[in-house]
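Got a structure for you, written out below as structure tokens; questions coming shortly.
So that you can tell them apart, the chains are marked A, B, C, D, E and F in the order they are listed, and the count of residues begins at 1 in each.
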Amino acid sequence: MQNFKIIGKDDLLSVATQMKYDHYRLAQISCTKKDKLDLVYSFVKDYDLENIRIELEFDEEIESISGIYSYAFLYENEIKELFGVKIMRISLDFNGTFYKIKKTESKNGEVAQNG
Amino acid sequence: MNMIKKSPWILHYDGSSCNGCDIEVLACLTPLYDVERFGIINTGNPKHADILLITVSVNEQNIPVVKQLYDQMPNPKAVVAVGICAATGGIFKECYNVMGGIDKVIPVDVYVPGCAARPESIIEGVVKALGVLESKRKANEE
Amino acid sequence: MSFFQMAKTVLSSMFKKPATLNYPVKPREYDPIVRGHIEIEIEKCIFCGMCQRKCPTGAIKVERAEKRWAIEPFDCIQCNNCAESCPKDCLHMHNTATPANENRDLIRDARISVDAEDNKDS
Amino acid sequence: MGNRTIVPFGPQHPVLPEPIHLDLVLEDETVIEAIPSIGFVHRGLEKLVEKKDFQQYVYVAERICGICSFMHGMGYCMAVENVMDLKLPDRAEFLRTIWAELSRIHSHLLWLGLLADAVGFESLFMHCWRLREEILDLFDMTTGGRVIFSVCKVGGVRKDIDAEKLKKIVEVLSNMDSSLRSITKIFLSDTSIISRMSGVGVLSPEEAFDLGAVGPMARASGIVVDDRLLGYGAYPHVKFEVQTATEGDCYARTKVRINEIFESISIIKQCVSLMPSDTAIDVPVKGNPDGEYFARLEQPRGEVVYYVKGNGTKFLDRMRVRTPTFANLPPLLHTLKGVDLADVPVLVLTIDPCISCTER
Amino acid sequence: MNTVLFVIIKILIIVIAAPIVGGLLSGVDRKLSAKMQRRKGPPILQPFYDVIKLFQKETTTVNNFTRFYVAISLFFTIFTVVLFCLGMDLLLCVFSFTLACMFFVIAGYSSYSPFSFIGTERELIQIMCYEPMILIAAFGYYEAAGTFSIGGVFGLSSPVILKLPLIFIGLTYILTIKLRKSPFDLSMSHHGHQEIVKGITTELTGSSLAMVEITHWYETIFSLGFVYIFFAYNTTASKIIAAVICLVVYFLEILIDNTFARVKWQSALKYSWIITLITGALNLLYFNFFH
Amino acid sequence: MSIMIPLIVFSLVIALVVRFMKTQKAFAFTVRLGAAGVIVLSIVYAVCNFNNVVTFDLSNYEWIKYPVLALELLITGYIVFRGISSKKFLVAIFATLQFGLIAWFELTQENNITVKNDIYIDKISLLMILIIGVVGGLICLYSVEYMKAYHHHHPEFEDRRGFFFSVLFLFTAAMFGLVMFNNMTLMLFCWEITSLSSFLLIGYTKTDEAVNNAFTALVVNVFGGLCFTIGIVILGMHSHVLDFNSLMNLSNNNTVVMLAVLLIAVGGLTKSAQMPFSKWLLGAMVAPTPSSAILHSSTMVKAGVYLIIRLAPLLGSNAPGYTVAFVGGITFMYGAFMAISQRDAKKILAFSTISNLGLIVTCASLNTPEALWAAIMLIVFHAISKALLFLTVGSTEHQIGSRDVESMDGLVNVSKAVSMCLIIGIAGMFIAPFGMLISKWAAIKALIDSGNIIILLIVAFGSTVTMFFWTKWLGKIIANAHNKKKIDNTLRFDEKASLFSLSAMVVIVCAGHPLISKYIITPYIQNNMGINFSSPIDPVATTIIIAMMCVLFILPLIFVPLYHAHKEKPSSIYMSGENTGDDESFHGSLGQVQSVELQNWYMQGIFKEVKWCSWASAIVLVVGLLSIVGGFFL
């Protein structure tokens, strides 16, 4: 079984910086929505996989790591749109027009659960 | 003399597809199937096309696009829905972002089944669409 | 600088037979393994509903009470899951595809007699 | 502003096999800026795990993309099998590897054809696709489907390939060799093609890392990364080399992919000769997945990441797939700047885009 | 009176025969291309089916002028071909042909549609590529034949090609552009997939598009006519040989079409100008100093 | 003397009167009167003197050189003063040198030279008078409303309209003099007045840029004047010749004479902005449009080529001939290439002017009848078309607030009248049946016949490039864009009158070019060269050209009823399916409504102004030096 390192949301930027410094590549960011938002950041170096898990309340805000990993903006826009994760300061923010899914659904929070 | 049967030009639009039917549509153009035998050209431009081949269902964002393309095609025109997703939504039917069959957006003339539709089926569907075009042209003239 | 690299292929192709299968003129022979459409031997069916449960797209409808088995060919993804799960082995994958049609509400109902169904197809 | 050409590129556009939209800002014909818009193919497949059970979901996973369909099914199964701790029979692993590599050949040939088409070389496109049909015939013969195989399942594979068909595969591949070599040689040596690819969209190794490139895109920039070395499937049993190039331009990417075709042929031949005689192709699946796992495997387009989280019921909690094109989009957008409009399709193609993978 | 009638009949024959030959050539082109790609290909008459179909279809338009410009372009192309076949002044033919091209370009501009516009710019670049060579070929012809009159070719005792071998090479190179063959099919390609959709013709439908197609048939005749006058002189045999050489050149263009990737405009401009300079300048200078 | 009165004096009087006007009404009246007067007088004059060569001897008026010298001193003084006060010492030096030289020459050396026919008005002078009178008059007429609007749009500039109009008429008078005088010293005097007017008008707005450009123009022109003067002095002292008529009879084997001819030709080259002197003409575009039209495209720059046409008998297959022809050829190509990378309409016109003048210079210097025919035809067509284009650009600028070609898209929807004039003007510059092309045709024939292969190649490339930039401009105007853009576009009567008459002239002169050829140019050439000569374009071709012309105007008329009868279904523009519905925008990537913008290609990477300018100058200088060295000293 793989390891998932749990960190607080305030440590994200420093951990990401460290990862970048260690020459890790961001493999993906994913979100699972149960009673909390469960964010998993995966980093890959050659054949080595590191997973970092952050648990968030629904209304909690989190910093974008697009300043560190420029290409994170795609993942962040995706989870922002599909799960309603409040990500701050994304380098290129589509503001909910990333997938342009049907807007009427988002009122009752339906959309926010998929992905 | 009606030439539309001898030179149907197609426009292919790939909706929210899995690519399976798309590459089969492309495969129809290639030496093994060579639809150019029937004068079929894949124009890639709605304004030149007679037949709109839509592979797979549409999502919210595709609806205006498909409508636009359909509107831009000059009459007579026919629509062929390729693949079961284009007919009913198929396996994607239950996805939140999929609208189901193409016929919810534009009128469809021929449905081609298959997941993915085989080139033979697609050729068959296009040939069926030719009959539709023919009758539409007649209706136009009257 | 090397131009006309393709010329050899192209010129020799001119004197070869085209690779074209000539499909509608010459019907295509499929390998038996090819997945085309599902047929049922209705007399063997016990209407257990296994195929309906296993079908990933919900194309199969089984009504045990009415002894009715129907498939919506425009929902079927030809995965062969139903045939594999059928306890009585009465579902078979045929290697020819459902014909293209101008009307998609073509539910193949196994209760309809074979002749009638053929008429409807053509 | 006001002095630049701004045109929409896509979603419906003849050079785009799949819908994607770019706002292209041009000066003369040079791209100043390209802003992407996706979502035309977004269906919401990841959420579908809540409606299909984990075994049915294999069929959905296969339809994430119709080109690398088999690899998607395989990746999903691998993730679930790892969660459920299933050990597959060797034959199943070998069969999967054969299909996977055949898929790679077919995908690369398809890509070569599209590339030829993008540079306006129609006859080469036709010849590439003619060769590809021979691979598709092999699929037809072994799985019953040309595009979507439906042979993978959790716990193994659903169909076996008998010895005769294995022989046929080797035969077809051997017969293809000479025409394949003459076709690929054109890509690598014809001046008119090289002039369209060489020096276009250069991605240095540093940029490739900074932008998170994966697969052939990264390998063409000299980064040695190939997830097949992780040792899944039958790859530990076969010998192969990771194909790389150093130039980082479209030409290098073409070269890498062409070499991979021949590498794949060699892998398949090895698999066939090493094929275990044990006829078991699957293991029984008991219970439901509980736990989570990241599976990574190498698709024709690069690394795909499957994340599966089960909760003990037959419906999974979460299935996430990060496809190679998603990772390769930022390098694409980066390299698009400063090229000509005529290069845009070539560049878009050299990442071998699979939008339906990307948006799911 | 008789001569006038004779000329009118001649003009009618030219106007009718040219597109038929052009269309047939185009059909042969498609068939041969298909063969080269190991396909069966469409019937030889396919281009006619296409054009008739287009006339039968509805014509939609993005503005009121586009079709008009296309029609003028067609008119002047026919005009050029008639002038050419009647053996008039070669330079006048070139000018009138340029006028026709200009109207086609203007048709592209008038729609203000993104891809049509980019195609138009490329078309202009293409005109810029081939125009010097065509002009120089006309100059060379004047030097070699002593007259700009095309009819004068049949009074010569030796073919023009002997005096202008390099210019002929340059001209065949440039014909690839005029016939819209790969590698120079930048502005609108006969093949399906191009980054600018269908270039200038993107917005044209129905009869407008059919007119463009017919224009192209006339253009083919005009281009091959240029080849013809390099070989024909006052013997009958030479006329037949010249016609055969036209076909050979056309076949060569088809072969080139199938063996080259499309170039970018920069290369198109660079190579065609360099070739023009080398062949045109050398030939003219040589001719001027030694004759 | 009487023959000068109607034209020159009338212009001078108007110039003087208008200087002291203050109100718009007064301006309008006087300038209209002046313009109409100039037009009518020049036509009347041309008609009256059509069949005879007018000559006049000033030998009884020896004293006239003193007032002329005094005026020259005044002018020189003014230039020196402006030069020194603006720290442009080069201008002062050139001007002083020139005046010193001419004063010395006239006061001490001139006595033993007999000048016969100080005034000599033959067919070409007559043609020039018509151009100056009619085109210039129309431009003056146009400028009445234009200047009013100009100051309305640019309140930041001081309103010096009286001065402006005054200089305009002064210039007209000088131009009349220039083309009438056969005596070179008197011609030089007019020459300097034109230089001065150009300087004054470029600097009209008194901005730093304007003043700088004015000085650039002045320095080049005064340098040209200096060369001219040296040439005159050499001719006078060596061959005792001071008039063109006698000049023609000199042998063209004499090195000293040829040096003098080359120097005078250099004067002509500076005035007509040939390489390497062409920069000033671009700077001159800061001036208000009418002055650009009259000075810098249709008349003053023609003075340069007029001079070269006058010198033509001595040019041809000799060192100065080759040099001048080559300079013209290079300039033709350079101007055309550079116009590609420009988006400011006036800059395009300026480069195109430079380019066309290059062709005229080339033709004039070949000294074959066909070439001369082409050169004169080019002058006529160019003057009319360019004047029309400049004026239309001026009107366009006032209507859409910009003279950027890119902002002219859909102009045809905004203002039908202006865009029609623009289209006719552009068509006149390069499209097949129109005038410029006919002349180019003749030029090509002349070039082949004279065996100038290099220049022939240059012309082949240059004309192609010319077509590129004109067509893309034309494309912008007729584009079906911005249908909703509506601007208050009332063209005033004066503007309309001059624009429409010029447009009509473009067409009429083109259709009537066989007449011009038959009655003006051919007699001139026959007279001058003493040979039997007819138009280089054969009658059949002429007929076809005129037929094409008619077709161009008749076809639309045929199509209009057809269009009304058969309406096509309107359709939206193809935008990859992302249309928003108004044909001018699409759904952008970030969810915004993005308007489509289509911009022509400028290829600024390839056609860099500075790079090409230095290359072209270098080539011209090297070739010039080589030919001088080769021609004179070997």
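Here, a residue touches a chain if its C-beta (ideal position, glycine included) is under 8 Å from a C-beta of that chain, and two chains touch if they have at least 3 such contacts.
These figures come from a predicted structure and were not determined experimentally.
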## Note on the structure
Sorted by label, the chains bordering both subunit A and subunit B are D, F
### Task
Please work out which of D-E and A-F is bridged by more C-beta pairs in contact, and write that pair.
D-E
## Note on the structure
By Cα centroid distance, the chain farthest from subunit B is F
### Task
Compute the centre of every chain as the mean of its C-alpha atoms, then state which one is farthest from the centre of subunit D.
F
### Query
What chain sits nearest the middle when you go by CA atom centres?
E
### Task
Let me have the rounded angstrom distance from the C-alpha centre of subunit B over to the C-alpha centre of subunit E, please.
35
## Note on the structure
Chain-centre distance (mean CA atoms) for subunit A and subunit C, in whole Å, is 43
## Note on the structure
Averaging C-alpha coordinates per chain, one finds the centres of subunit B and subunit C separated by a number of Å equal to 20
## Note on the structure
In whole angstrom, the CA-centroid distance of subunit B from subunit D equals 26
### Message
Quick check on subunit D: which residues sit in contact with 2+ other chains?
### Response
5, 7-8, 11-15, 26, 29, 37, 39, 42, 44, 47, 52, 59-60, 63, 121, 123-124, 126-127, 130, 133, 145, 148, 190, 192
### Query
Residue numbers in subunit E touching 2 or more other chains?
34, 36-41, 58-60, 114-115, 117, 121, 192-194, 197, 202-203, 205, 258-260
### Summary
Flagged in subunit C as touching 2+ other chains are 3, 5-6, 10, 13, 18-20, 22, 56, 77-78
## Note on the structure
Residue positions on subunit D within touch of subunit B in the complex are 11-15, 17-19, 39-45, 47-48, 51-52, 59-60, 63-67, 69, 110, 113, 125-127, 129-130, 132-133, 136, 145-148, 354, 356
### Task
Mind listing the subunit C positions that touch subunit D in their complex?
1-3, 5-6, 8-10, 13, 19, 30-31, 33-35, 54, 56, 77-81, 84, 93, 95
### Task
Going by the contact rule at the top, pick out the subunit F residues touching subunit B in the complex.
569, 571-572, 574, 577-579, 587
### Message
Under the stated contact criterion, what part of subunit E meets subunit D in this complex?
### Response
33, 36-39, 114-115, 117-118, 121, 182-183, 185-186, 189, 191-197, 258-267
### Query
Which bits of subunit B are touching subunit D when the two form their complex?
11, 13-24, 26-27, 30-32, 42-46, 59, 61-62, 65, 69, 91-92, 94-98, 115-116, 118
